[in-house]
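Structures for review follow.
Shared between the two complexes below is chain A, which pairs with chain B and chain C, respectively.
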Partner chain A sequence: MIGRLFRWVVLIGFTVVTIVPFLWLVMSSFKTNAEIFAGPFELPSKWSLDNYTSALDAHPILVFLRNSFVIAAFSALVTIAASLLASYALLHKFVLSRLAYLYLMFGILLPVNAFITPIFFLVRWSGLYNSVWGVGLVYAGIFFPTGFLIIKVYVDTIPHELLEAARIDGASYHAIFRRIVVPLSVPGVVTAGIFLMMLAWNELLFASILTQDESSQTVQVGVRYFLTTYAAQYPQAFAATVMAIVPPVLVYVFLSNRVIAGMTAGSVK
Partner chain B sequence: MSNRRHAYLYLAPGAALVTLFLVGPMVALIYLGMTRWVGVGTPEFVGFANYRQLVEDPSFRQAVGNTIKWAAVGVFIHTPLCLLVALILARQPRFWKFFRTVFFLPSVISTTAIAFLWYFILHVDLGMLNKTLEVVGLGSLTRAWLFDPSTALISTQLPFIIYIGFGMVLLMTQISTIPAEVYEAAVLDGASTLRQELSITIPLIRRGIALQCLFVIAYALRAFEYPFIMTSGGPGDRTTNLSFYIYRQMMTANQYGLAAAAGVVTLVLGAAMVAAVFVFLNRAERA
Partner chain C sequence: MIRKLWIPIVAMAMLLSACGSGSDDDQAADGSIRVHIWSNFVPDIPRGKVLDELIAEFNKEHKGEIEVVSDPEPDWLTLQQKIRSSISAGDAPDVFLYNFNPNDMSRESSGQLMDLTPYMDADPEWKARFKPEQLEAIQSDGNLGGIPSDQSPVLFYYHKDLFEKAGITEFPQTWDEFTAAADKLKASGVAPIALFTGDDAWYSMNAFSYYAMSVGGPDAWLPGTDLDSDAVVEGARFTQKLFEDYTTPDAVGSNYSVAVQNFLSKKAAMVVDGPWLIGPIQEQVDSPCDVGVAVAPTMGDGTVEPGTNLTDSINTWGVGKQDSQEKADAVVEWLKFMTSQDNAVKFSIEGQYPQALNTEFSDEDLAKTSCQMASVLEIQADAPASVVQLQRSITAPAQEKVNGMLEQLALGDMTPEDFASQLQAANQP
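Presenting the complex of A and B:
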């Protein structure tokens, strides 16, 4: 009895601390400045989108959102392509395959934030500073071990007989990759894709050191403008925060099981 | 061309990514850490002078201490909470799927947005926390949570502590691999649920718990958004951690050599904490 009560207290307690802050945020994003400073749980006097339109006028949020999307999609694509190729190569054992595997997994636990200095200069010297492609490539690199781990698990489940049969039929090394490995890895690609895009979408540190203006800044970087330059414009800042949150939450609402599976896929072993 | 030659060709893109963005930067980091450099001209080799300077810098010492506190809070507060909820939901009580979906929600939201949200919640004038305390008659407890030296650090860690979704799902997955028969004898003996969790479930998922600790430690070394957005490392350096310290040395002080040396310390500290987890796991395996 006490056990059951305790269970429900825990579950409801965590539900409250998880949900209430977000509800408060959304509600506040519709309030006027005066209302925000008044009661925390009173409904806004009118539900208008004024805060949202003025936030969109103040800073190019839509451009930030587009940059975030381009960077997330590009980096996920590069990581997935490289992971598929490498996983296929490692299906066949050869002299250095174990070493190659360890090399590719190198960095899975590295605190990559420690690398901002060298990576900053690498990107600057390569001429990709302040460009979505620079940020995208860096993400593809630092998130590669994570993506590779997920993809490899799927590629490894392809039955060897299938590859062997194709080879006997005269399919070349490349043809087997294109016609068997890639199609059969689609579920893994989707899982890794969701995870990698979320990682890239949510990253802040590299995005802020590698970019300079709205041509390449992501929504995570851009949203900070509302705190630094519009210190008094809390309603706008609330609205901007909501806009930064909405895209991944929408994906989650429709695909929650896949997202949960994708985000924890690398950790099940 | 033989298959082996093809294999190297297929490995090349992945190897290039790892070399360019992980291995190369690590080598460069170690070298840069032994130079004095403001970003232009040639780096001047100074040996271990940067490390000496770091050790003498109170901000840096505070940053190391705070990073260790992030890891400690993750391992000793956050992870037990993840475990508690995972144990409850793994028994599939009513609405368990709903709870799982809700608890995981913050994991898909950027840390930046969460840091913003909690900056507002803890805000002295408009924050939900102070307003709520006033409404329920605990007005005396209200304070500027993020600016009060005694509460600043824990306030920046609060969202990290209570958003348990990721660790919860990780541990639930581990629990789900335990076959039901394992519990049969215990149930026949009349062992309570608590007893079963303590002497069957937890020992069986010790590797999952160790993995969760590794993730949490990796996060502690990476944590940047909370101090950056909520406090800018202040008051004083109360909330400065290694990630934020490196960022500041680099972006505001242009001390690239010093920033790199701090990066090397981060790597070493990370390796030491990971090693500690393995030592504990080993001991648990033998016991």
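Presenting the complex of A and C:
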């Protein structure tokens, strides 16, 4: 009985902690600035979409959303392609294969924020500054260890017997990769893709540093136009934030099993 | 099924990519020279609106020759990070806004900035627009890498109606009167002053600096001065008292946005801020002219002449070195346009942004301005001296450390004496 009660308390407590801020955000996106500060937890006096329309009028939120999507999809694709190739290579034992694995994973330990200036220099030098491709490539680099970790776990579960049988049947290494490794890794690829896209969608620092105008800025950067050094338009900022989090929330709602699979991949064999 | 899912994603990404990238090229489509401006003047704030209007006017006048583009970054710290990264990468922005700090000359000494001295010498009329001491202050090894943008006066903004309700008839002239007024405001149910410790703790550091200056005089934190001093100790003690007794409950840990809303929504009666506050006052306070502007109190002992005000650091429009003379000339052409008498008036009145220029205001101009800006201009003109706020005058490591120390002070985890000694220890060149 006490155990059951405890479970419910924990579940309700956790739900409150996660849902209440979200509901507060949505509710506040319908309020005026004065209402937010006068009664932060009260309902808005009227449910109007004014904040949403004024946010959309003030800045190109839809362009920001498009840029976020392009960057997230591009960086996820690059990371997945590189991770699949690296994981396949590491299915085979070769000289320094262990070292290669450690090298590829080493990035997960690095504080990437410390590399802002060299990354800025490289992006600028390559002519990709203020471009979605520049941001996408940087994300592909900094999120590679995470994607590699998820995908390698899946690739490692492919039975070696299968690869050996394909070799005996005359398949080349490339054919094995295309026809066996990639298809069998699809669940891991999808999981990694969702996870990587969400990471890229929510990133702010590099998106701010590497873009300069609205044509290439992401939605996370765009939201800050409403919260400047000199003034804060909270209602519009909240409305823009709601628009920014809708896509990842939908992804999570419809594909949560894949996200969880990614988090727990390899825990049970 | 999953393979099918990826095909449209890739296709859509490729399709959208066509319009998903920007550019930072030096030339516009019509062949005109493009000049980029990096600032935090977003179009959502008055100064940003004016900047965009001026750019439109300038571009119209120079069609086919020069195109100025504003690339605003809303967040000041991110803007500064971008500027530093850009300079480190050997590609300084064309025109960029930054805080001049005599203790941090990394930008000026980078070799990446243009020298405007020949342009100033060739055009004495333009040179006369600036205050000589400010031009001198921002020079590095004889090179003038930019022009002063603004040196915003930091003043007390207060709700006159809340003062009246508390029985206070005029803004306090001495700190003793200030404390008495704060007690009355508190008794009337309003927090006397809005403060915060997040971001750069701007409001708190302003209050702290004003009090410290009253104790130690205008030279209390000149470069090279020992900060383990009575002025800093007393400033810290006063600030600690403000946090304990006279501010809103959310002050510790909150940031500028929260504190400014506390003032605008009349949860707090006073705030110590720059003229950028005037825009939000006009937009959000029911009767904007009920907000008064005043200079800070003094000790009344002559250490500081009444009317002496603190300022933000000299914000500077830095100018990146250009490969072509044509582009360098285009940049200077824009700077001259932006700093002209007419445009300086427009910036002050419509943009609530008084530039650091020798600007004449006619009665007609002043009649068009807001109640607060009229007071600011008047106070600025009458100020016997102006002193850059303490936080803007110390070394970068000390600046980084002072916020955490201020929070500890506010929470009572640090004594004023420790505050002063640790500030001195951090403020080493």
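What we mean here is this: the second predicted complex is superposed on the first by the 230 of 269 C-alpha atoms of A that agree within 3 Å, B and C clash if a C-alpha of one lies under 4 Å from a C-alpha of the other, contacts with A are read in each partner's own complex, and residues count from 1 in each chain.
Operating definition for what follows: contacts are C-beta pairs under 8 Å (C-beta built on N, C-alpha and C of every residue); 3 or more make two chains touch, one makes a residue touch a chain.
Values in this document were obtained by computation on a predicted structure and should not be read as measured data.
For the composite obtained by superposing both complexes on chain A, the positions of chain B and chain C are in clash.
Of the two partner chains placed around the shared chain by superposition, chain C is the only one that A:190 touches, whereas chain B remains out of contact.
Of the two partner chains placed around the shared chain by superposition, chain C is the only one that A:129 touches, whereas chain B remains out of contact. In the superposed model, A:175 makes contact with neither chain B nor chain C. After overlaying the two complexes on the shared chain, residue contacts for A:117 are found with chain B and with chain C alike. In the superposed pair of complexes, A:224 makes contact with chain B and with chain C alike.
Of the two partner chains placed by superposition, A:162 touches none, neither chain B nor chain C. After overlaying the two complexes on the shared chain, residue contacts for A:10 are found with chain B alone; chain C is out of touch. When both complexes are overlaid on chain A, the residue A:212 reaches chain C alone and has no touch with chain B.
Between chain B and chain C, it is B that contacts the larger number of residues in chain A. Once the two complexes are laid over each other on the shared chain, residue contacts for A:62 go to neither chain B nor chain C. Comparing 163-171, 271-279, 343-351 or 397-405 from chain C against chain B in the aligned model shows that the clashing stretch is 397-405. The intersection of chain A residues touching chain B with those touching chain C, taken from the two complexes, comprises 37, 116-117, 120-121, 209, 224, 227, 234.
Across the complex, chain A is touched by residues 3-4, 6-18, 20-26, 28-29, 32, 39, 84-85, 88-89, 93, 99-113, 116-121, 125-126, 128, 131-132, 135, 162-164, 166, 169-170, 173, 192-194, 211, 214-215, 218, 221-222, 224-225, 228-229, 242-243, 246-247, 250-251, 256, 259-260, 262-264, 266-267, 270, 274 of chain B. Partner chain C is touched in their complex by these residues of chain A: 33-34, 37-38, 58, 66-67, 69-70, 73-74, 77, 116-117, 120-121, 124-125, 129-133, 186-187, 189-190, 193, 208-209, 211-213, 215-216, 224-234.
Considering their complex, residues 3, 7, 10-11, 14-15, 17-22, 24-25, 28, 36-37, 39-41, 78-79, 81-83, 85-86, 88-90, 92, 94-95, 97, 100, 103-104, 106-107, 109-122, 137-138, 140-142, 144-145, 148, 173-174, 177, 198, 201-202, 204-205, 209, 220, 223-224, 227, 234, 237-238, 241, 244-245, 248-249, 251-252, 256, 259-260, 263-264, 267-269 of chain A touch chain B.
Residues of chain C that touch chain A in their complex: 2-3, 5-6, 9-10, 12-13, 16-17, 19-24, 36, 38, 40, 42, 44-45, 47, 69, 71, 73-76, 78, 81-82, 84-86, 88-91, 256-257, 260-262, 265, 267, 276-277, 279-280, 284.
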